[in-house]
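In what follows, chain A forms one complex with chain B and a second complex with chain C.
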Partner chain A sequence: MPAIADRTDVYLERFNDALARFADEPTWLLERRKRAMERFLQLGVPSLKHEEYKYTDLSALADGQLLFATQLAGAEAALPSYAAGSSSDRATGAGPQVLGRIPRGARVQSLAEALRSQPDLVQRHLATIADCEDHALSAVNTAFFSDAVVITAERGAVLDEPIQLVFGDGPTGRLPRVLIVAGRNSAVQVVETYAGSGTYWRDAVTEIYAGQNARVDHYRAQVESLDAYHTGRLQASQERDSYVGSFSISFGAAVARNDIGTRLNGSGCECSLDGLYAVRGDQSVDHHTSIDHAMPHCNSHQLYKGVLDDRAKGVFNGKIFVRPDAQKTDAVQSNKNLLLSDESEVNTKPQLEIDANDVRCTHGATIGQLDSEAAFYLQSRGIGAGRARNLLTYAFAADALERIKFAPLREHFEALLLNRFASQES
Partner chain B sequence: MSSAVEQLEGLTAQEYKYGFVTDIDQETLPPGLTEDTVRFISAKKEEPEWLLDWRLKAFRHWQGMTEPTWPNVSYPKIDYQSISYYAAPKSADDKPKSLDEVDPELLATYEKLGIPLEERAVLAGVAVDAVFDSVSVATTFREKLADAGVIFMSISEAVREHPELVRKYLGSVVPPSDNFFAALNSAVFSDGSFVFIPKGVTCPMELSTYFRINAMNTGQFERTLIVAEDDSHVSYLEGCTAPMRDENQLHAAVVELVALENARIKYSTVQNWYPGDKDGNGGIYNFVTKRGACRGKRSKISWTQVETGSAITWKYPSCILIGDGSVGEFYSVAVTNNHQQADTGTKMIHIGKNTTSTIVSKGISAGVSNNSYRGLVKIMPKAEGARNFSQCDSMLMGDRCGAHTFPYLEVRNKTAQVEHEATTSKIGEDQIFYLNQRGIETEDAVSMIVNGFCKEVFRELPMEFAVEAQKLLGVSLEGSVG
Partner chain C sequence: MLQVRNLHVSIDGQKILRGIDLDVQPGTVHAVMGPNGSGKSTLASVLAGRDGYEIEEGSVTFNGQDLLDMDPEIRAREGVFLAFQYPVEVPGVTTMYFMREAINAVRKHRGQAELSAGEFLKLAREKINPLGMEADMLKRAINEGFSGGEKKRSEIFQMAMLEPKLAVLDETDSGLDIDALKIVADGVNSLRGADRSFVVITHYQRLLNYIVPDYVHVLSDGRIELSGDKNLALQLESRGYGWINDEVVPQAAAGV
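Here is the complex of A and B:
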């Protein structure tokens, strides 16, 4: 189809321009970028006809305008309260703001720094964990990202405080790339916050490598501008006995699409992929998760909750693969949705693909509305309709929010939910 | 547990019990599919002009379609030109007036299947419209049904005797252009059953048709149409077995149900076609489109299926809930063994207010088979107060089999309540151990556990079918151990 080919030409042109910028990079990285570009040109921006994208319309991204256009100077985006702290003195090049103190045993580097001090590690993991073969959007990031944040935790380092990354306005932050490498027996917490103003497309990729017996807690808070497109990918690769926890908060963006996945490459791994999305107006939020149980004796846990108001649309697709050798797998998945308005919409598809026999896999999905009797009870106790709605909505989302261990983050979004319908208070 | 493995090996070693070929001369069309084939079938059945046009339209549409590739099944490409599209027993021209006149060899076939027509008809009070390949050869209890005003006949006869009814409803639920296999069926459908229950009538007996694929290399394309007028009620049973052979056989049926105000249709299937041998050779390809429309208020359509046969099953009995307060139900047991592949499930489309649907699906995989549940629950914006409950459980009996679930839930109305639950687990070793310890052989224990697992579905089957279903599970999974 020539029309589409013409459109991806913009990407190719941009890529050829960018090659000069990448001249200093090692050959292997350049090769990976070229391969990603090649793959993207084959795949194109996914259309609604693509089974994995059938509910999320990304056609506005096809011509790349939203990604490449330099943004008009506008009001700077207000950052969430927990992220408003002072930035650390670590310079990270064109990357994000890094908040707070860098804990002992951890390093937060720009790509250039990391390539100087630990080139082997970067080569081993960067753009190999999040493959681009079937992910057109990750391919765009791999082909174009200008800088990456490389977070490494030394062997045995237990970081007591989270490392906070804030991706705000500005064209350099359109293609955030993060690589987190947790060494053996280490424990890392990372909070990524995405906020902006205006109309743009942000295409983020985060890769996590959890070494043997490592523990990674990853939080992703997406509070983009309500006119923005946000596509995010989080892909983890786990060694034996490691734990990866991901919590995805999606409140912002006109259209948000998150692909969150982990591969359990050793036995005894555990992972939990959780999330909360609360959208209104004409927002659309789409979560695709994928847990690949490649080895025996692994546990996975997923809890996604959604609150949808006005004409908002929520999409959830959770895939659990259990490979033939992955005996004794225990996988639990749950997706619960609350519809607050007549025109809101939910499409959910929990998917199990099981090729081993000695496993326990369950999934559940529910869609419903607020209990009118509970609301009536609260009103009979003198609580206004709007506040009653807030309380019940908060109660619905509470057990997901409780899974956030970083208190300032949790409290911020708890407050946001509790005050959601303040305007309707009567 | 080694005994479980041995058990499964025992089960897999079992030969297909119903494998034999009946020797009756057949009038068979040479392989190939062109417009002439369609014309030949239509002429052979002395069909009116409108039906021929309808078939040709479907055929032309089919030519422009491609075979779906999305199901989670794999099979060698089907050459639609190497299939013969018409076969009828030779004695079709002078149809038997009673059972005594029926070809004795045919009756012997039914004997072997364990369904002696007269015995079943007399003792069980069931009217059997048996389809032996393409032409119905025996219809019983026609008169008793006629007294009640029920029309139950082969669809070819119905085209002749009640053209206005057939024309009104044929293709109204599954349009000829619906999907690849439905279009193929619409073009070349051979025969099938037509049921019409007039207003206010409760069908005096359970209607039943036994289909049997017999002629070598003949795809069978049945077309079933059931219409239940206001306040009527019918229960329809469909069961099938097929003889053993090596070449794959294509089977693409279409079933359409129409329920008007307050009508209730219960459609039960026991499918035990030849699944292929234990190396995956042969077996039936079963690509079926089944759909029911609850057009009237408070109407109800209930699908119950026990699927143990076929090399490949591709089947999604669906309900379109248009009338306010209408109810759709789907109860399914799908068993796959050896190299069988099943991609089956249901669609519940809620359009009317206060519509309710229930889905209970039990999948059992053994050997190296693959069993997929694929379902859709769709609540349209106008469907106030819609309610759905789905449960899909899978049981795995072997370390090389697969179980997959692909449930789609699409909700566009906030008053909807939709729940979906699925579990996958191994057959409980502790349960087998407990039963062993109580003096029950492993074989019986497995049978007991499996039957317990499927109980919610068997409960929905008519009594005589429930017995047969349990036997079929026995054939598919148990038997040769001990």
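Here is the complex of A and C:
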């Protein structure tokens, strides 16, 4: 369709301009960018006709205007309390704010630094974990990202507090790129926060490599402007006996789409892909998860909970692949939704492809309303109607929230849920 | 304290209460007895403000105010307490959090200072121990996984914390063994006082051996057909409810 081709022209023009900026980059990276661009031009921004995007309208992104022609407002976006602490301006180029003490054995670098000090590692993992072949939005990021944050934990390093990356209104915040490499026996925690003001599109990609017996706890908190588009990708690749935990919080943005996946490439791996979304007004939020069980004796858990109010829409699609070799797989998936209004809606779908015969895969999805008898019970003890609603909403989300081990992050979102209907307090 | 006048209530067009009159003076205990389906629980629900009931006629006045005009939480703050027949499980909210919110909402309404975490805990410990429960219960989600007896004792604990002026106990004795029944009754008796009243709704006379009422009312087919003192309950125990319909109602109808 020529109309579509015309629209991606802007991307191509911009890419040709950008190549000059990338001139100092190693050839392998340039090749990966070019391949990503090529692939994007073939795919285009997915339309509603695309099976994987049929509930999430990204047509506003097709011509690239929201990416290239809008400015981030520049006014400092209100950051969540846990992320607003004193920032130590670390050398990550023009990248995000980095909070938290960087312990011995760990590094947080800009792409340029990482290319100097550990070029092989970057070449091995950057833009190889999050492939672009079927991901037009990841392709855009790979083609255009101007800087990356590279977090590495060397063999055996244990980070007992998280490294926080805060992507606010900064100049390079549109196309955040993060690479996390956890060496053998290491343990890493990373919190990514996305917050902005105004109308824009942010397209973020994070890649995680979990080495043998490594543990990575990853949190992504999306509290974008309510006029923004947020598309995010988290893709992990796990070696034997490793653990990757992902928690996706999605409260912001007019339209949010997150693709979160992991490949279990060795036996004895474990992963948890969890999330909590809470949307209202005309917001829409879409999570697509993917767990690829390639090897035997791996466990995966998923718990996604959603709270939807007004005319908000939610989508959950959970893919689980169990390959022929992946005997003794244990995969559990659950998506539960609370609709607070008559006009809100959820489309939830498990998608299991099982090619091994000795496995346990369970999935369940629920969509429900607040329990009026429980609300009456709380009110009958003197608690106001609005407060009762807040408490029950919080209670609904409590088991998901419990999976956030970083207390300041958990407490922030607990408080948001508890104070959601503050105006009705009486 | 409480005046119910000619109260007619229906659910989904079906008449349940057909003209209830009840006067509860401060410091008195009224037992409301009656067979299943006589409207006992409807009366309790209407007093507490549960949704879904159509008030067709009549009035309920509580300390001079129109009770039916108040939201359930306002009734609670004004001093009405309902011990639920089927207490609700609320996973995800601890009893501690719940009761602290509740007690502070009530205190605020009464112009009292809110309780600090420490003050609350001290009070909660005082109130919970006599009920044979451990303070650990406070850390559990509301009623979640509680046995039937634990749920009922939790109701009495909540009542003790909130210190209502009027407590309505809706079949609090149902399903309790004799030991649990005694604990619940002791809990109620310890709260009896000159300015606190109780409406004890029960199917069985047994509870009234332990909570001795000042008045007993027999509800049948949506009306209070008979009122008396505690001896009426004993009579009901030995004769059942059948004779009310067979003897009392025809007499009343005949104007005897």
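The criterion applied here is as follows: the second predicted complex is superposed on the first by the 418 of 426 C-alpha atoms of A that agree within 3 Å, B and C clash if a C-alpha of one lies under 4 Å from a C-alpha of the other, contacts with A are read in each partner's own complex, and residues count from 1 in each chain.
The rule is simple: contacts are C-beta pairs under 8 Å (C-beta built on N, C-alpha and C of every residue); 3 or more make two chains touch, one makes a residue touch a chain.
Keep in mind that what you see is a predicted model, and the values were worked out from it rather than measured.
Applying the stated contact rule after C-alpha superposition, one finds that A:391 touches chain C and leaves chain B untouched.
In the superposition on chain A, A:399 contacts chain C only, with no contact to chain B. Touch criterion not met for A:79: it reaches neither chain B nor chain C.
In the superposition on chain A, no contact is made by A:60 with either chain B or chain C. When both complexes are overlaid on chain A, the residue A:374 reaches chain C alone and has no touch with chain B.
For the contact definition in use here, the chain B contact set and the chain C contact set of chain A share no residue.
Every residue of chain A that touches chain B in the complex is listed here, in rising order: 51, 324, 327, 337, 339-369. Those residues of chain C that touch chain A in the shared complex are 48-51, 71-73, 75-77, 81-82, 84, 87-93, 97-99, 101-103, 105-106, 109, 141-142, 158, 162.
Listed in rising order, the residues of chain B touching chain A in the complex are 70, 381, 394, 396-426.
Within the complex formed with chain C, the chain A residues making contact are 371-374, 376-385, 387-388, 391-392, 394-399, 426.
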